[in-house]
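Note sheet for the following structure.
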Amino acid sequence: MPRIGVFVCQCGNNIAATVDTKKVAEEMKNLPGVVFACDYKFMCSSPGQDMLKNAIKDNKLDGVIVSACSPHMHEKTFRKACESAGLNPYQCEITNIREQCSWVHHDKTKKAGTLKSADLTRMTIERLKKNKPLAKIKIPVKKKAIVIGGGIAGIQAALDIAEGGVDVIIVEKEPSIGGNMARLSETFPTMDCSQCILTPKMVEAELHERITLYTYSEIEKVDGYIGNFTVQIRRKSKYVDEERCTGCGECIEKCPFKVDSAFELGMTKRKVIYTPFPQSVPNVPVIDAPNCTKIQKDKCGVCAIVCGPKCIDFKMEDKIVTVEAGAIIVATGYQLMPNERFGEYGYGRIKDVISGMQFERLASASGPTGGEIKRPSDGKVPRSVVFIQCAGSRDEKKGVSYCSKVCCMYTAKHTMLYSHKVHHGQSYVFYMDIRAGGKRYEEFVRRAIEHDNAMYLRGRVSRVYERDGKVLVQGADTLSGNQVEIEADMVVLATAIISRDGADTLAQKLSIGYDKYKFYNEYHPKLKPVETVTAGIFLAGTCMGPMDIPDSVAQGSAAASKVLSLFSADEMTREPITAIVNKVTCNSCWDCLTACPYSAIERDAVKNRQGVITKWLAKVNEGVCQGCGVCVAACRSKSIDLRGYTDEQVFAAINAF
Amino acid sequence: MTEHTEQTESCGFEPKIMAFVCNWCTYAGADLAGTSRMEYRPNVRIIKLPCTGRIDPLFIIKAFENGADGVLVSGCHPGDCHYTTGNYHARRRWIGFKNLMEFTGIDMRRLHFSWVSASEAIKWVDLINGITDEIKKIGPFMEYKGLKEKASL
Amino acid sequence: MKIPYYPGCTLNTVAKDFDLSAKTSALAMGFELAELPQWNCCGATFPLTPDNIIALTAPAKVLSNARLAGDTLTTLCSVCYNVLKRTNKVIRDDKERRSTINGFIEADYDGSLNIIHFLEILRDRIGFEKVKKAVKKPLNGLKAASYYGCMLLRPFEDMGIDDSEAPMIMENLVTALGAEPVTFPNKIECCGAHLAMNNEDIVTRLSGNVMTSAVNSGAEIIVTTCPLCHYNLEKSQPKVAESTPGYKNVPIVYFTQLLGLALGQNEAGLGFDKNQWDARPLLKKKGLL
Amino acid sequence: MKIKLAQSAIEGSEINQLERVTGEELKRCYQCGKCSAGCPVSFAMDIPPTQIMRFLQLGMFDDVMKANSLWVCVGCLQCYARCPQGCSVANVLEGLRQMVLRKGEDHYGVKEISARFLEKAPQQAIVCGFRKFVS
């Protein structure tokens, strides 16, 4: 027979006003298994807790009911008190007779309140009788983090983690870290040169003793769970021995073949053996295998000949390395929508229609024109430039419905850069709304208009076409209600920001969610902005949606702080509310496996004595299971149950109803 | 005397209603009704579960067997599930489940499904009042009464 | 190969030259345009409001009759093509409207016809490479501007014959015929269409823009696919010439006329005499006649 | 012009009828101006396409009906082809024409048409013109 103690709280007058607590306690005494019952003014007060502890000891209680406020309020308090009195904390259950009873039933006769409180307490008592002692789950934490994506968000996250004393690996798919920011010229709203503020961070990341860079690498496979991930990383063959390469650049210099530079968005060529840009980190070239005549046709090999340290190896192969880590930050960033999708703007057909990112390269001191604004068709300095905002953004029909958030700002920046570099040039901006909601952002746009003479026209452009070496822009100025035609020398499209190709495949490897545009979902857009639904995996930067550098950096730091707080203890404890499979009755139908929202259920091989697999059974991974119980309801043979909410417990409560 | 007790006295029949609610949304919503000192009919008894996805159809049948005149199932709004998709599972299951209930002779007016979020205290109050009043009108659920006793014989 | 062919009312009358040159060219390319035994006017405009079912009955009747002749129907006039293709899509995709329409025309047509433009036959069924091989008299040195107008291309999701912002199908044909294609910005702009009836000023302005744009881009001849475009351009030309200093009139022809010529057909059967601005002097000068 | 706004006008019965007839949702237009920018006859319209949509959103049905825009639209579908919201001003204008014509009012009398036009013009122009202008 169980020995249960029942403690009914008066909460001053909060409960006692409409519930006869004494009567409730008295009634409970009559139930089988209840050996102690009383009511008390403030259960959560120190004397109240002491009374509880003493009663446990004096009456050798093996179960405790506190009928008081919501368990969301004091369940922890009372379970802790029980624990300190030597009782398993999960043998303590709360009945909610305040929020669910006294506060919502104002009957001063105490009839309804007392009846309901007694009912609820009885249900909890019956439930408690079926409780089993549970132990908190302890999970060891591997204190190493992986950051996927070495853009500014990823770099910031890695630096913060490393500064916190934790080892971190940056996995970057390109030959260099830096991401999109490496392409930018100057950055709003302060107009610092992008390279000037980014390069020091890149170098710091390279030199930091706690940071390992895996460039030219991608995630192959992710297993495990929070604190205990096992990640396979494919280190693509660079054909250059990273350890020995001195970065002298001799090989690049001598390579006889050139192809379009992706980094420069096709505006110039690069060698087949290359670094994406001069400040690349690490400063180790890679061979673009599909274009290398040695690798494809066994001709050439010049680079290997000129390389002093002899670090070129045409036979090098991809390597898979396996890393154990406790947390992962995803910071894979964005790409731009193909401009060709908008035939009316003529991108691809008309040479002098370029994208905003191409304009960044033109304006960049390290870009193809050395920072001079020259139009692609004939290299002339454009006397008039038309900027078209929302190209692909806010376009439900052919583009994406969302706003790309940064293009209003960078277009204003472009007009400034243009006016500083081309005196007497005229810029025009077609916009629908100016979205400059940030600190000093609106002022920035006003400056472009008032000081740098950008002519802002509220309207969209219908068509861009070529005539006599000019680019004709047919637009509207809806404020004056007129059509506008501009004979421009160059047109710049503020192209929509979209998610990376393959963002969905990576998300599937990580079991994190993404929206219909394949941007990753945060756990909660306001309150958990860098967490994902999968514990231990965090997000930072534009892989979540368009944002600017300040926001990307803030998120990198936020994600890093989450990782550091996770790593602040050697092991994590968590509530033991997890599912458990009955191996005798499980018939391997896998209904639970498909139902589980967290992929916490695995197929577990059962072997006979000879080590031969005889069957497969469902097995719950306690580290991953979040205790939702979906699997329990899914299992037709009742072979899986949820600790803390077992069928037995629930039925007992229902039966006491 | 409150409006409620007046009604009880005049009406006589006090239905018993069992509510299966999820811990994260509806339970918290009901708590909020409490902290806001709202008033509602005292006929409901809550059983807390982690998620509506945990709810087994048998729970509901058992509730009716144990004398419930009405049953409410309530959880997070679609898309807001604490466990990402648990409530979708629950919803999908209901479709097949409703037929089963009807088959076993339960008047579907006695079974309610709803979404109440942690901030929807008013919705919770309206829901409980609404259901209580409706079931008062329908009258007690007799079909299963005594089933339990019979079964235990 | 016989392909069921819907001429439409205009090709049967004012634009006989279009019809003739197409038939002749088709024969030269080894297929025959088999005119539908029974047809009526398509209505000359696709009704833009979905509730205007009555206006869909005329083209629906054409379609349901044509289905008896085969599973494909070809047309030449851009407007007919537009109306028939869009109506066909409505009947195919919109069950509700399909049954109302069928009720009106007392038929049971399901939208299973494949509506193709004569240009599509040349491009997709025969191939411009083959057309090029069949050319007997390459139109060397002739600078031809292809004018598309609106109806052949828009709306893209219904018509889909070519990129609606930068179509090339006519230029590619002209190139196959040995001529020099001239692309010009206004090739997808409207000529003024039915405003010919009551608003000559607008038509003159729009057609004028098309022609000056073509001529400024170096065109010696303008090629069209639509009798209404053809009419509006021809009719507007004097006024355009009057108001545009240095403007010289250019011949406006149907693409089939050039096709027939290149395929070596007798000039007389191609209807050059019917053009208001005679192309023959130009063609003679280029040694093509 | 000063506009007096009231819910009764914004949700006026003509506006509802127009939306029903055309299948267009006027609310979707976000006034980007792209239709006006490309419309070949915008220059000749009393109220250019973008503003047609705006006036209708404001419930100013009568003002729109008085404009020549209904009758000078050539139906070239530039507006629809490029509208980022998938709206068709062409459809809206045709709907407005229909609302006039269905009341039995001709925009252009058959007698007004010149004999020369009838003789020389392609049939399609005549048929189309009748469709657009005559009830």
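We call the chains A, B, C and D, going by the order they appear; numbering starts again at 1 in every chain.
Everything that follows uses one rule, which is that contacts are C-beta pairs under 8 Å (C-beta built on N, C-alpha and C of every residue); 3 or more make two chains touch, one makes a residue touch a chain.
Bear in mind the structure is a predicted one, so any value in this text is a computation, not a measurement.
Peer 1: Look at the interfaces A-B and A-D and say which one is made up of more C-beta pairs in contact.
Peer 2: Most contacts of the two pairs: A-B.
Peer 1: State, to the nearest whole Å, the distance from the C-alpha centre of subunit A to the C-alpha centre of subunit B.
Peer 2: 37
Peer 1: Quick one: subunit B and subunit C, Cα centre-to-centre, how many Å?
Peer 2: Taking the average C-alpha coordinate of subunit B and of subunit C, the gap between them is 69 Å.
Peer 1: Which integer distance in Å separates the CA centroid of subunit B from that of subunit D?
Peer 2: Taking the mean C-alpha position of each chain, the two centres sit 55 Å apart.
Peer 1: Would you mind pulling out the distance in Å between where the CA atoms of subunit A average out and where those of subunit D do?
Peer 2: Between these chains, centre-to-centre, one finds 48 Å.
Peer 1: So which stretches of subunit C touch two or more other chains?
Peer 2: Only 164 qualify.
Peer 1: Which residues belonging to subunit A are in contact with no fewer than two other chains?
Peer 2: 344, 463
Peer 1: Please output the residue numbers of subunit D that touch at least 2 other chains, ranges allowed.
Peer 2: Where subunit D meets two or more other chains at a single residue, that happens at 78.
Peer 1: Determine which chains touch and list them pairwise.
Peer 2: Listed in label order, the chain pairs in contact are A-B, A-C, A-D, C-D.
Peer 1: Could you list, by residue number, the parts of subunit A that touch subunit B in their complex?
Peer 2: By the definition above, subunit A touches subunit B via 70-72, 96, 98-101, 103-109, 111-113, 115-116, 119-120, 123, 513, 533, 577, 595, 597-598, 626-630, 632-634, 642, 645, 647, 650-651, 653-655, 657.
Peer 1: Can you name the residues of subunit B that touch subunit A in the complex?
Peer 2: 2, 4-5, 8, 16, 18, 27-28, 30-31, 33-35, 37-40, 42, 45-51, 53-56, 59, 62-63, 66-68, 82-86, 89-90, 93, 125
Peer 1: Give every residue of subunit C touching subunit D within the complex, in rising order.
Peer 2: 8-10, 13-15, 41, 43-45, 47-52, 55, 77, 79-80, 150, 154-156, 164, 189-190, 192-199, 201-202, 206, 209, 227-228, 230-231, 235
Peer 1: Within the complex, which stretch of subunit A touches subunit D?
Peer 2: Going through subunit A, the ones touching subunit D are 344, 390, 394-399, 432, 458-463, 474-478, 481, 483-484.
Peer 1: For subunit C, which residues are in contact with subunit A within the complex?
Peer 2: On the subunit C side, the touching residues are 163-166, 185, 213, 216.
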